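Take a look at the structures listed below.
Here subunit A shows up in two complexes: once beside subunit B, once beside subunit C.
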Partner chain A sequence: MSDLLEQLVHGLTLGSLYAMVATGLALMFGVVRLINFAHGEFYMLGGYAFWYAYVELGLPYPVAGLAAVAAMAAFGLAYERAVIRTILARTWHVQLIATLATSITLTNLAIIVFGTQPKEVPTRLSAAILEVGGVRMVWQRVLVLVAAVAIFAALEWFVAHARLGKAMRAMSQNREACAVVGVDVQQVALATFGISAGLAAAAAALVSPLFSIFPDVGALLTLKAFAAVILGGFGYVRGAIAAAFLIGIAESLAAGYLSYAYKDAIAFVVMVAVLLVRPQGLFGRRIGI
Partner chain B sequence: MTRTGYRTIGVAIAVGLAWGPAADAPPAGAQTAPPLRVGFSSAMTGPSAITGEGVKWAAQMLADEYNAKGGIMGRKIELYFGDNAGTPGEAVSAVRKLVDVDRVDVIVGQTHSGACLGALPVVKELQVPMVIEACSHPKIRDQIGKNGNEWAFRVNPDDVMLANQFAKFIVQSSKTVSIFAQNDDFGRGAAAAYDAAFKKVGVKLVSTEFFDRGQADYRPVLTRVKRANPEGVLLVMLASEGSVFMRQFREIGLTQKLYARGSMGTVEFLYQVRDSPNIADGLVEATYWTPALDPAWEKQWLERWKVPVRIHGSLAAIAFRYAVAPAIEQAIKKTGKADRKAIRDALEEVDVPNTPVGRIKFDDTHQAFINMLLVEINGGQLKVLEKIPIQP
Partner chain C sequence: MRATRWVLGSAALVAVPWIAAAVVPGQQRYVLHVLIFTALYGALALSYDLVVGHVGSLSLAHPAFFGLGAYTLALLATEARWPFALALPAGIALAAVVALAVGVPMFRLTEHSFAMGTLGFAIVTQVVATNWVDFTHGPLCVTGIPKPQVGALRIATLPAFYWMGLGALALVALLYRGLTTFRLGRAFHAVRDNETLAAAASIDPLRYRMLAFVIGGGVAGGIGALYVSYVGVLCPGELTVSLSVNLLVMVFLGGVGSLRGVLVGAAAFTALPEILRMAPTWRMVIYGLLLLVIVIRAPDGLEGLMRRASSRRRRPASSGA
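And now, the complex of A and B:
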């Protein structure tokens, strides 16, 4: 029983990571109908920003985390202005190549700037052990789970009640109608990229003390988050969050009871299996955040 | 920018390119020996890029050192790099680029077993000598020297040689062992070698698990290890993964004896875990290089790069210094030239008895037999437990 509980804890931690990254991906797709293949690199850069603030500048953990979120939100805004705005009206092929090219460029820039040695950012919480019902885990995992829930609740409130959130929701339903009634669609798209990049940095600040940061860390993460977005019903944020947790838990159970070598394949097997039965995704509905 | 603006920049670049070499060329009539074109191939990108960075740094140190002394037999060294990304497919492109574009005389590499296996047919096809510095897959020896590929030579021992010795050490403290290995040619080759070696000495292999490089979470598999409860765990992994693995190993409360193949028993690993230096105390690594073998090299590295000496760069340096450089010297002395064929022939005759890793002399399978080391992490420090000569 404690064995199963342990696998669930791993699954929920992984699920939280995938969900925070997938949320940004789903938001971007929902609002501007574009798949950002450089989104995993937002996580990677967020991790480096957090490492720099926490390790190099010696800022306290919460301040370093917030600094990374702010830095990446600014990066997200710049990325929207420099890359996304210029390709938004182009075909999906152009969008695909442009975001993939950004991903490769950012990864190689990270190799040049930060080197290839993985960066470790151990915190006090990542060394302190909590033991519950025979399951040992570091307190950082508890923080990841609690913070993820808080972030999703805040996002839910933001999309339902805040003016910008409502505009994002409206744009996800009908961009042209929004423009007609006076919504500044460019500003909403800009804000969406800022929020999505900030979310990726929040994930990095929470999870990096458990794992490590290296230039290639975003590649597989983008694919997992992408699988969650597809599984949850393209562009539907709640669906992506639920699917991300499903993938995290499925992966963990597969690694624990079947084979660790094929655990990464599980996300995609689950995705294909669900799409065979429900082509519209688990929570199938029209696009809309 | 206007179209005219772009054209102006284009013309300026073209003029610059045309002018550049001419500006650097020696005065007419001056005689200079042609440079030696040496290629280093390793993973410069991808999850294994840390190895390639080390190789590149080592190559730069070597080139500066040799060129400061006038090169080898008066011929300066020019460096070229190939990026194999640690994979067989990219290794093929890396070798073709080094040969077709850079026109190198000799290659040192490929660091990763899969890349090596991918590169072997190409070096044979293109007839360029390649000295392997760190690929330990047992199948490599079945393909080189008299076994078919006369252009490849290997300095480092393979995992069958290492496993036969290491298993004898492991059985003294662990009768049951789980293997946890990288899911690539290196990891799978080593896992198969240890499976066979354990059978010979009476160690029961409880489980074998493979992981893809760049994993974030090892806890699920550690839970499996906890369930299987072996006396020891053999890790086939590099330092870059090892630090995260060790933190989670301790997090889950495991206390098994740890054995390693890869680069866990290195200063790279200790640097990664410098916030908790005792985290891997007791781990014993089977290896063939450690900084204690060459303190001068380590000092020079630290001064130049300001980070701990990297094992893969150091192995590339060993291969260059004690196999490639003597072969080039021999080739020039014997034939007056250092072309690919002359270097290949000279490599067969290389015999350097006292290198930091032991004697370097290739047998008819183009395999050298250097010493194996057992290195233990103790109190956050590396300690050489044993130096074991490997017999042909």
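And now, the complex of A and C:
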């Protein structure tokens, strides 16, 4: 029983990671109708930024985490200006190949700069163990869960009440109408990329102490986050978050009880199984944040 | 005139081993090796373009089909001692059957989702190839794959492999031509260019997409089988996503949906690393950037440049256009 609970806690941690990455993907898709294949690489770069700030510069954990988020938000803005803006008006083929090309370039640059040896970033929280009723977990997992809930609550508030959040929501419904009533659609798209990249970096700063950072961590992550986005109903952020937790739990249960080696295939199998029954995803066919 | 050029060109291609021996005596082996890879990559890129360029489905599953054919031949030839003449068709058939089985759920997805789903399939295939050690030998690789032998004909020398690669390329090019011209080709392009309109003209998009996907998969399996029988070793690393990236670079560098373009792209792509002579990691960085620049700046690839050049030659008066 406690074994099952431990697997569930692991699943929730994984789910938080996938949800933060999937949220970014879903936001981008909602606002500019583009799938960013390089999104997993944002997480990877965020992880290295965090490692650099925390291990190399010796900054305290919260400062290092925020520094990584800020660095990646800036990177997201630069990426929007340099790559996304030139391909927004093009067909989805071009968009897909361009972002895939970015992903390959970033992964291999990371191999050159950081090497293939995974970087470990243990913190004080990732060594301290919390025991509740026979269930043992490290404090870092508690932090991940609490932070994830806080981030999603903040995001929910932001999209519902903040001016920029409302503009994002409006753009996900009708881009032309937004431009007509004077919403600066380019600025909103730019901000969306900053926020999405920042979210990926936040995920990296939170879970890197549990998992290691390596150059091609992003490929599988993009795939799983995308599976969550498809399952959640394209572009529907809450659906994507729910599906991400589902995938995280399914994966950790499969790793615990079926086979550790094949755990990476689970997200994909779940996705195909669901799509065979419900091609529109688990939570209906609603486009919009 | 055209026919003579064709005959001369084909004769020159067939005679390459002797030409290479005469022109670059010390380097003949190396030149042939590069050319064998070029021929096999060219054939693989054509089979990929059948799906990407002609029915417009951006599949990333091609490494999986290549790998299925490769593993089928490798395992049948080493463990079951099947002759090449049976193992090769088995590889093609298995890849095609799997393409059919995977295509059924995948074609329920559209655009990005299809690309992501097929990428997922490719990754799962590689995960299985790496982890199912009892069957595929995993990271220990399948070694000692015998050289192909059909009856009395044994393909063991570099020139023989070159002719095998050239023959495979010619066959695939013929198949590609046959499928993409005539009525079938027009149906493919109708599905690619306007799915709704095609369906309204009673051209079932799913059927034609599936046809291109299954044939493309089968051909990729066959090329995979030929590839391992030339190289002699098969590791799970051959099935990585970077193979998809290589194929995308070849197809887009050359020109999507064009026989000449894809072949030029494959030749340029295989020659490029020989010219650049760089570490593999830098190579992937360059391919990534190259692909990015091509899709953004020159989506027609080299074929677009060649077409513009030849039309300028034909109509020198209207150079203003």
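Note that in this section the second predicted complex is superposed on the first by the 289 of 289 C-alpha atoms of A that agree within 3 Å, B and C clash if a C-alpha of one lies under 4 Å from a C-alpha of the other, contacts with A are read in each partner's own complex, and residues count from 1 in each chain.
To be clear about the criterion, contacts are C-beta pairs under 8 Å (C-beta built on N, C-alpha and C of every residue); 3 or more make two chains touch, one makes a residue touch a chain.
On a predicted model such as this, the values are computed, not experimentally measured, just so you know.
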Combined model on subunit A where subunit B meets subunit C, clash or fit: clash
Touched partner set for A:87, first subunit B, second subunit C, both or neither: second
Partner chain in contact with A:268 - subunit B first, subunit C second, else both or neither: second
Which superposed partner A:97 touches (first subunit B, second subunit C, both, neither): second
Which superposed partner A:108 touches (first subunit B, second subunit C, both, neither): both
Partner chain(s) touched by A:118 [first = subunit B, second = subunit C, both, neither]: first
Which superposed partner A:227 touches (first subunit B, second subunit C, both, neither): second
Touching partner for A:145 - first (subunit B), second (subunit C), both, neither: neither
Which of subunit B and subunit C A:127 touches, first, second, both or neither: first
Candidates 129-137, 165-173, 201-209 or 219-227 of subunit C: the single one with C-alpha clashes against subunit B: 129-137
Subunit A positions touched by subunit B in one structure and by subunit C in the second: 107-108, 111, 219-220, 261, 264
Subunit B-touching residues of subunit A, taken from the complex the two chains share: 3, 6-7, 9-10, 13-14, 17, 107-108, 111, 115-118, 120, 122, 126-127, 129, 136-138, 207, 210-212, 214-217, 219-220, 251-252, 255-256, 259-261, 263-264
Touch list for subunit B against partner subunit A, complex: 45-47, 49-50, 52-53, 183, 209-212, 214, 216-217, 219-221, 223-224, 227, 240, 243-244, 247, 251-253, 268, 271-273, 275-276, 307
Interfacial residue positions of subunit A with respect to subunit C in the complex: 35, 83, 86-87, 90, 92-94, 96-98, 100-109, 111-112, 219-220, 223, 226-227, 230, 234, 261-262, 264-265, 267-269, 271-272, 275-276, 279
Contact footprint of subunit A on subunit C as seen in their complex: 56, 58, 105, 108-109, 111-113, 115-117, 119-121, 123-124, 127-128, 131, 241-242, 245, 248, 252, 281-282, 284-285, 287-289, 291-292, 295-296, 299
